[in-house]
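Input: structures, listed below.
Next come two complexes built around chain A: one with chain B, the other with chain C.
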Partner chain A sequence: MAPAQQDRTAWLLLTPMIAIMVLVTAFPLLNTLWLAFTDASLTGQGYVWQWVGLENFAYILDDSDFRAAVGHTAYFTVLSVSIEVVLGVLVALLLNQEFKGRTLVRALLILPWALPTIVNAVMWRLIYNPEYGSLNALLTQIGLLDAYRSWLGDPATAMNMVILADIWKNYPLIALIALAGLQTVPKDLYEAAIMDGANAWTRFWKITLPGIMGSLSVAMVLRAIEAFKVFDIFYVMTRGGPADSTKTVSFFVYQESFTYLRAGSGAAYALTVTAMSALMIAIYVVMLVRREKRS
Partner chain B sequence: MNSFFKSAACGLALLVHQSLPAFAEDVTLNAIFMKQAAYSEDDTKAMAKAFEDANPGLKVNLEFVPYEALHDKIVAAQGAGSSGYDVVLFDVIWPPEFATKGFLQDVTARVPKADRDKVFDGAWTTVDYDGKIWGMPWILDTKYLFYNEDMLKQAGISAPPKTFEELAEQAKIIKDKGIAKYPIVWSWSQAEALICDYTSMVGGAKGSFMQDGKLSFDTGGSVEAVNYMKKTLDDGVTNPNSREYLEEDVRKVFSAGEAAFAMNWTYMFNMANDPKESKVAGKVGIVPAPGFKGKAEASAINGSMGLGISAGSKHPEEAWKFITFMTSQETQNKYAKLSLPIWKSSYEDPAVTKGQEKLIDAAKVSLGVMFARPMTPSYPELSSILQKDIQQVLLGQASTDDAMKAATKAAGRLR
Partner chain C sequence: MRRSLTATILVYVAVAVFVASILAPVAWLFIMSISDANDLTTIPLRWIPEQPDFSRYARLFSLEEGSAGLAFLSALRNSVVVALSATAIALAAGIPAAYSFSRFPGRMPLLYAVIVTYMMPPVALILPLYKVFSALGLLNNVTSLIIVYCTILLPFVTWLMKSGFDSVPVEIEQAASIDGANLFQILSRITLPVAAASTGAAALFALLLAWDEFFYALLYTSDTRAKTLPVAIADFAAGRATDYGLISAVGLLAALPPVLIGFFLQKSLLSGLSAGSVKG
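Showing the complex of A and B:
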């Protein structure tokens, strides 16, 4: 076959796959884009809509509730991801040591991460229960707490408690990636460093961390993107309460579209959230490109 | 086998296959119900089974979701363009929205005229909107005041409270005597349950949600209700955890013998009296929720729910047949332990009243004074606004005046 014909055949064979990708990715995206410029509302017969131009976006700029939701989401993302990274690296370092039963512990590590988010959320709701929750029992028995308290009913603690539940579930992913990264750090670097008189602390900062930084930062960005669109854990644990103190952007978009049935402005909020995620995705792409250049 | 036989066999198989549906005209109805309060999942399944047995060829596919997800499931299923559910369970607060947005079929012509007088008016308000009927009432429900008879006796209280003021006083006595740490438990989580307790109190203060034709929450009964809620928290007579509780949490706390008073739906009466589920079985008292002193004798929230045919249903006839069966007096009388019938004459039927006379006595008062939540097509959003603003008061983040003014202002902007 001539090269040109070969090309044509290749494209022909790829067409079905490209068509499917366009259908499942581009169509919903374009549909959302169109909706965002209308005042469409969801009815039993589909959308009823009128073109409103940029009105939805103008409203978003002025919406203090949405700004609050962005604040909650940012707080959740920063706190949970940074603690997950620190915890993940520490656990990875521990599991990189030789000790008896290491394989078993490594296998156990996967467990929280393998749990469905909904199961995890229900489980932590039970742990935080104000009447018979085990957290209350533990803290009162060791004397840290005078009386049982309501963790998810208090705006001062609700968000942090959800973050704790999220960390427990998601740090194993970071730990696993860091652990994999540790295997690639050459052993002779450590031997040379010891010969030069570097202590454990220096070895960690000068060899270990730079060695795993590449994979770790990718994991971090991916986790951050995921954390930013968090929905299910809040849906089960707090439903945005108390007094809206744990309402995240995804929950906000959901409510706008499916509880208030405003598909138009819901889509506009969704696009705004997507734009924020896109920023993080851009960071991720830049990182990937840099890594490829280096290797 | 040669090819002639092969193709003949294929043709025959095709013929048989195509003619099959003609023999069995099975219709499967998809129905969505809720998981908590009122009729249990088991009761609902048993009713549907009885319906299937009585109607060969009709199958009912039941789906149960938490109340909190019910509204969104119904609208998302239809909005997505699929025919979704045939029969939907809807709350009293949704018909304005569902009717104006075309989620339900108008069933005015299907409801027998004779039934209008046999069923409580409060039940009809669940399905009436804009002069049309959008379904058949199924659950006739309101919140009652439950009390622990032992605790009241121990505290030397001879009769349950008749006013909200008395409720707070009695709770204070029980607290001071150390009988219960937090005597009253409510469902004040950021959810519809909070609005139900609030509405009941507004009704008990003879308040109104409308002022000069506009939604208004910053005067009269509404302010009195929210102030009362906050004060019982400040005085330590209301369980502070109420702010994260739904109805099921209230039931568990009351059934564990940790509360002297609780506001909850009908279903709690028989569940709190079930020794398998409760430590206070046999000691459960029930009275209509009180009113405020000098304003009302009793208060109640219209928490009824109806069954309707969704707009996209391809089997409206069969769906209505199912709804008629589920809401029939016969079916309702048979399962009257967790939810009371919509039919007036059932309340004189020994089969219904036996063993739950206390509940029936309370119901006879409460069902007559049921107070409705605001009727508006934007109800879900209005409810979110109220939930947030009332919770801000209960959490001490805002004063009643500021929060309820904010709610009124936000309600004025609803589209």
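Showing the complex of A and C:
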């Protein structure tokens, strides 16, 4: 094909995708951008609105509730993603050892990953339940706990208990990625290192970790982007409570827009959240571009 | 390398702990679904119910007016309809786009833009989409969910299928094109069949994504006509007089299809992961 004809074919093939994405993503995004500079309300037909300039954003700057929500989200993201990575690598190293039934045991990693997010949230809520919950029963029966506790009803424990539930569902994916990475590390590197007298600790830091770091760092950024958007698990487990101690940014925007019906400021909060996500997404795209250049 | 006996024992103990930590929570969900409320509140807890009771599962398959079964079965129907339709649209528009990105390079910024929209938080879109659906009378209608899910599935399918097409050698297409086949014939008769495995995997991943989605479904649906399984489950869990066994049974049944698909996908999951493109 001639280059001009090739170009035409390429765009033709892209047309359906571009048309759909413009309609369902680009237009709504531009509309959110406009809304953020108005005082529109969500009620009724169409919008009744007035241009308010930067007022919404000025308000966000000294909104301590929103700052608290950003703090909760950052805490959730950093803690759950870092523990997921450490646990994922440890479990991958374990499942890379030789033992009977290894294929079957490795397949178990699929279970938490495939379990729907909402089912995971409901499951852990039932485990933490103050009266029926198996966590209270287990801990009292082995003598670690004197009396049943309300894990999700106490601001001191609620956030960390949700993080635990999130880790259980999401670290297996990291483990699978690390396990796949381990298969690509050349075996003779280890043999050479043993000849040189390197112990297991040194071998891990000098050979294993550098070998899996590429795929691991991509997975880490992806997880962080996802974790920052978190909504489902908090909606089911805590509804942002107790005392707003688990209110995340997505939950904040949801309430501002759909409980208080303030479309204008809701859009401004949404854009602020999007800008924060954009930083992490930019890191991911830079990683992709570098990888593309290498291949 | 030979392992000492102590090391071997440690490995087996660690593996046992791992297996228990994965299976115990799900096993508990199953136990709750067949236990009587009295068994569960006994202190100390009786872990295995004296009289296993499977009646909740039976209740979930009854169609009586206002019953839990009706809520569950209509949510199941809505979830199936939404997931299948959204996946079909995503494949129909995503396959040509992915083929274009793979065979006619030079539009990388556009591909990155597609990936960025996939990662963008949904809060950036919820308000305008709500207004549009409300104006079109599409709130509480599966059609609106099918449309919205394109924002997630279409970029995902495009991205995954591009790496699928990249691994199909161009030479086999060139042979067909010399024989006079046009682009559509080449794509449908040669490239797609060769890339059948990655197409199948992309379709199944897309189904899982749609099956799992909660945020949009919560905002845009309000009763059995359009609520999907995740929303129905959240409803069951939020009820005042809650039957914990019933919630557990619903959760297990809703988890069954994705978990089966997940095990089936194990192989392509790993290759998809190394392409760095599967949802995190």
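In the analysis below, the second predicted complex is superposed on the first by the 274 of 295 C-alpha atoms of A that agree within 3 Å, B and C clash if a C-alpha of one lies under 4 Å from a C-alpha of the other, contacts with A are read in each partner's own complex, and residues count from 1 in each chain.
One rule holds in what follows: a contact is a pair of C-beta atoms (placed from the backbone, for glycine too) under 8 Å apart; a residue touches a chain by one contact, two chains touch by 3 or more.
Note that the coordinates shown come from a computational prediction; the quantities given were computed from them, not determined experimentally.
Contact with chain C, but none with chain B, is seen for A:Phe27 once the two complexes are overlaid on the shared chain. In the superposition on chain A, contact of A:Ala200 is made with neither chain B nor chain C. Of the two partners chain B and chain C, more residues of chain A are touched by C.
Residue contacts after overlaying the shared chain place A:Tyr260 against chain B, while chain C stays out of touching range.
Of the two partner chains placed by the overlay, only chain C lies in contact with A:Leu115; chain B stays clear of it. In the superposition on chain A, A:Asp7 contacts chain C only, with no contact to chain B. Once chain A of one complex is fitted onto chain A of the other, the partner contacts of A:Arg291 are limited to chain C, with no touch recorded for chain B.
Of the two partner chains placed by superposition, chain B and chain C are both touched by A:Gln45. When both complexes are overlaid on chain A, the residue A:Ser134 reaches chain C alone and has no touch with chain B. When the two structures are aligned on the shared chain, A:Leu61 is found in touch with neither chain B nor chain C. Common to the chain B-facing and chain C-facing surfaces of chain A are residues 42, 45-46, 131, 254, 258, 263. For chain A in complex with chain C, the residues that touch the partner chain are 6-7, 9-11, 13-14, 16-18, 20-21, 24-25, 27-29, 31-32, 35, 42, 45-47, 91, 94-95, 97-99, 105, 107-119, 122-127, 129, 131-132, 134, 137, 140-141, 148, 168, 172-173, 176-177, 180, 194, 215, 218-219, 222-223, 225-226, 228-229, 231-232, 235-236, 249-250, 253-254, 257-258, 263, 266-267, 269-271, 273-274, 277-278, 281, 284-285, 288-289, 291-292.
Those residues of chain C that touch chain A in the shared complex are 1, 3, 8, 11-12, 14-15, 18-19, 21-23, 25-26, 28-29, 32, 37, 40-41, 43-45, 47, 89, 92-94, 96-97, 99-101, 103-104, 106-108, 110, 112, 114-117, 119-132, 134-135, 147-148, 150-151, 154-155, 158, 183, 208, 211-212, 214-215, 218-219, 229-230, 233-234, 236-237, 244, 247-248, 251-252, 254-255, 258-259, 261-263, 265-266, 269-270, 273-274, 276, 278-280.
In the complex of the two chains, the chain B residues touching chain A come out as 68, 71-72, 75-76, 78-79, 81, 97-98, 101-104, 189-191, 240-241, 243-245, 252-253, 256, 258, 310-312, 378, 380-381, 384, 387-388, 391-392, 395, 397.
Note for the complex: chain A touches chain B at residues 41-46, 130-131, 150, 152-155, 238-244, 254-255, 258-261, 263.
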